[in-house]
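First chain written, first letter: the chains are A, B, C and D, and each begins at residue 1.
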Amino acid sequence: MADTITLLVTRYRPDTEAEPTVAEYEVPLRKDWAVLDGLNHVKDQLDGTLSYRWSCRMGICGSCGMTVNGEPRLSCATFLTEFAPGPVRVEPLANFPIVRDLVVDIDDFLRKLPTVKPWIVRHVDWVEDGEYLQTPDEQSAYQQYSMCINCMLCYSACPVYGVDPDFLGPAAIALAQRYNLDSRDHGAADRLDVLVHPEGVWGCTFVGECTRACPKGVDPAGAIQRYKLTAAMRSVRALLLPWGAR
Amino acid sequence: MTATRARAYRQAVPRLWWLRRRSYLLFMLRELSCVFVAWAVLFLLLLLKAVGNGHVDYQRFLDWAAKPWVIAVNVLALAFLVFHSVTWFNLAPKAMVVRVPKQMLALAPKAIVRRLPEGRVPGWLIVAQNYVAWVFVAAIVAGLVMRSGS
Amino acid sequence: MRRRARPIEPFLWLLFSAGGVLAALFLPVVVLLFGVVYPLGGIGPPTYPGLHALAAHALTRVVIFIVCVLSLIHWAHRFRFTVLHGLQIGRLGRLVSVFCYGGALVGSLAALVVLVRI
Amino acid sequence: MTATHDVVLVGGGAAGLRAAIEIAEARPELSVAIVSKVYPMRSHTVSAEGGAAGVIAMGDTLDEHCLDTIAGGDWLSDQDAVEYFIGEAPKELVRLEHWGCPWSRQTDGHIAVRSFGGMKKMRTWFAADKTGFHLLHTLFQTSLKYPTITRYDEWFVTRLLIDDDQRVCGVVAFQLATGRIETIEAKAVVLATGGCGRVFPFTTNANISTGDGMALAYRALAPLKDMEFVQYHPTGLPFTGILITEAARAEGGWMLNKDGYRYLQDYDLGTPSPTPVLKSMELGPRDRLSQAFVHEVERGRTIDTPYGPVVHLDLRHLGAEVIDAKLPFVRELCLKYENIDPVTELIPVRPVVHYMMGGVSTDINGATPLRGLFAAGETACVSINGANRLGSNSLPECLVFGARAGRAAAEFAASTRPPDGSTNTQAEDERRRLERLRSRTDGRDRIADIRQQIQQAMEDGAGIYRDHETLAKSADTLGDLAERAATARIDDHSDTFNTELVAALELQNMLDLSQAIIASALQRTESRGAHQRTDFPARDDEQFLAHSLAWREPDSTCRIDYQPVTITRWPPGERLYGR
């Protein structure tokens, strides 16, 4: 095994450049080095001007998503040895505007997220003392959707989001489902309008790439399909029993 | 609170984005299978129209269907239709979460219950049902058609 | 950003899904028999009277009609999104919709005429 | 340009978000700003794994939790604060449950609790082993519902503004994305920026844990309390420092040396038993376990690796089912980052820096001696953790004191007059300083080199065991490094997402805090909890049953004085484990 590997890193300096370019860096190739360690080596030793986000480097904070050799990945959990002898292409996440180098603008997601009301909605008052009961079975109904770390890999993998930036997108819908399926929540009706909007679940053509890209085993594609069925059945009921619906 | 980020670089989606990754291409092919669904309907209607018009037209239809280009189109169509069936059947469990009623769970043997995560019918069982239905339907259609001719 | 919600979308999706199921179950065997096996001459095609009798049966005609209509809606719905996303022509959305669902409607009427006249 | 809010919260982790929600609920007429250098859901709270302690189980009592906490902290905790904290913790955890936190459950639907190190009863609530993650996202998502909360995501606060009446009345911050420097005025400021584990080379802490809030307060001449108490977590992965949660031991994991021997039995931590026994062996407190590791190294009974000596954490006897149900993240981390499967293999672990018991000195309301300035969470030192924090006390601390500091800040803001603009010169000074720094072209040392040398000095001087000589040497080294840091090289002069500028500012913060830690440790000539002096091995209640306060002097040196510990019902006693 060679002892170095080449990183081809996308650079974009809006002060001086009109569009992104590619810079080449040679970094040590070590068994336990992730792509992020390679980038840190570049920043610390070779070129202090390289900008990227990272924090926990244990795959839970969701900040270091990048496109590595064409695939959306968490750079802290993607090892350099996977790509030996290299080179490794490190690009910003696709489908988002590039702010600088490997940093993308994800404010679009943060604007959409509150529209699906990702919090517990109660129409009955709290039981002031003690917890709401929830059996492990009831919990497992929504558990996987609660694992989303907002890393944006699913948006980056989703071609529909790329073509139509108004699409609500995988993580936001999965999080809506996370609360819809929570036995403590009464807010499903409140989330309906946003979800059944043409830019909501109906925009999805079930490419399935979001689920494949997710590093936490959330299945947004499944969440969206399930919600389509729920919403469709609701519409049918509303049509057949117009007086009883909603 | 965000400032305007006019200088952010908008990454354009290439017009042929679906050629850039194998998975995207497979997705596109899956979606394009609908064209062959439409073709199959058209083909079926042409057959039925011929049947409705009498045996001369029926023979003419059979001759037309035997033209090499029509056969070629149909072989391609068959491939896409099978691709459609397979992808459709495999994805079905994503949309449907079938729960086993509590009473049935209580009656079922422990060994089976343990294999039903969270009391749900596992995805592979739904997929398997789809394939059984496929074989069943195909056998009936083929049986009816072949028997009708003998 | 958001347009008025179209309540028709869930129904289109349900019909699309039903069409997807029927197309997946019925169409491959039809194309296999009449498009590939018989033309290639491995087995002789059914005789005219037999096939006519089968096709003229009321149940057959009802089933075929349902398969045709739903499969065409399946095509229309899927093709609409394929064109919109694949060619990135969001602004022509309405035109594409008219072509697709209109096409499915015309096809369904044609199916009705053909089946009634058997 | 100037923005104005009633309360500005610096930091968007558990404490900051909890404070924001508290203010939004209790005083919807006040405008709240959360200013954080990362998106809130990236905050380091996300990495907490094991759980949150709160008395709920039958047969457990608040007093027992108090005593465990106080004894765990080697009697340096303020007992009034501890009592308040422990009384509030279960209420806060239930509140989180009402907000949707997916706490792990018993089959009847009630909350499940697990055992944890140093705790005599099972009282740790958990959400599998991603407790911090679920807690943070629950808080973040809940916070989205309040229109009075404004977020400044990816804004870095560089200075507190103080008016002529010695009142904190806002901050100066710049937006990473644009480089825009702004004054954010407020009637009260709450610091909730977490800890500063990054001043050490091996740490479970995220890249962002550089102690920004502590340094802001310190430079504004608010004292830092008990900074010498640095917690080493006994089970971090070598190289990355990734945390393997204490829950792994609580569920029955064993610590083995190179002979496969459960060495903790040699360090007055009880006798081995096949199943976990509370407050014994592997469930002893973190300081004692980390110290035992050092002795094992000295005895040559550890395993050598390229990243230094390690011992083993053995989970194999728990079986795949327990590991997948209770410790799925541990398995995921081991597989992903060490390429080992804990179901069949031993996990190599070593003590790594995990938590700062010390922080900005506050009273029980989260108020600092500076009027208008509050602090909560790891940034603050109330103190409930004393000389050593018990595992699973920090998440509820963020909630309890986040809420309380939020409430206190809101009350202060509602009763005080708005800022009068008298700090405009300060803001201008700060703007010029930042612009000078960003455009500096004559720098010498690389930021990363200086940072690495700070970390080395801290490991050498303020590790698990300390003595006068090494501490004094580290103090000298840090003095040199401070001079070099003042002229560090900045290659990046861009105003768009300039992470090198951030790194330079963080470096200054880390240096200030390192000096405070070393100075505090030098002065405390006793051994207590996480502060172990080989030259003063005994606890000295005569002199040092007191909190150290580190004050910044005008010449940037650090002055230490002391403040008594509040003792109410639990007089100092001996810390006993395993019996």
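Basically, contacts are C-beta pairs under 8 Å (C-beta built on N, C-alpha and C of every residue); 3 or more make two chains touch, one makes a residue touch a chain.
What you are looking at is a predicted structure, and each value in this text was computed from that prediction instead of being measured.
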Pair joined by the larger number of C-beta contacts - A-C, B-C:
B-C
Where the centre of all protein Cα atoms falls, which chain's Cα centre is nearest to that point?
A
Go ahead and note the Å separation of the Cα centroids belonging to chain A and chain C.
36
Distance from chain C to chain B - Cα centre to Cα centre, in angstrom:
12
Could you work out how far the Cα centre of chain B sits from that of chain D, in whole Å?
55
Whole-Å separation of chain centres (CA-atom averages), chain C against chain D
63
Spell out, as numbers or ranges, the residues of chain C touching 2 or more other chains.
78, 81-82, 88
What positions in chain B touch 2 or more of the other chains?
2, 5, 7, 13, 18, 31, 95
Two or more other chains in contact with one residue: find those residues in chain D.
153, 177, 496
What residues on chain A touch chain C, complex-wise?
159-160, 163-164, 166, 193, 196-199, 202, 205, 228, 231-232, 234-236, 239
Mind listing the chain C positions that touch chain B in their complex?
17, 19-21, 23-36, 38-41, 43-55, 64, 67-68, 71-72, 74-75, 78-79, 81-82, 86-88, 107, 110-111, 114-115, 117-118
Flag every residue of chain A that touches chain B in the complex, lowest number first.
12, 14, 19-20, 70, 92, 94-99, 105, 107, 137, 140-141, 159, 162-163, 205-209, 212, 219, 221-222, 225-226, 228-229
Residue numbers on chain A that touch chain D, as the complex places them
13-15, 32, 43-45, 47-49, 51-63, 77, 99-101, 103, 105-107, 110, 113-114, 117-120, 126, 129-136, 138-139, 142-143, 146-150, 175, 179, 182, 184-185
Which of the residues in chain B come into contact with chain A in the complex?
2, 5, 7-11, 13, 17-18, 20-21, 23-24, 27, 31, 91, 94-97, 117-119
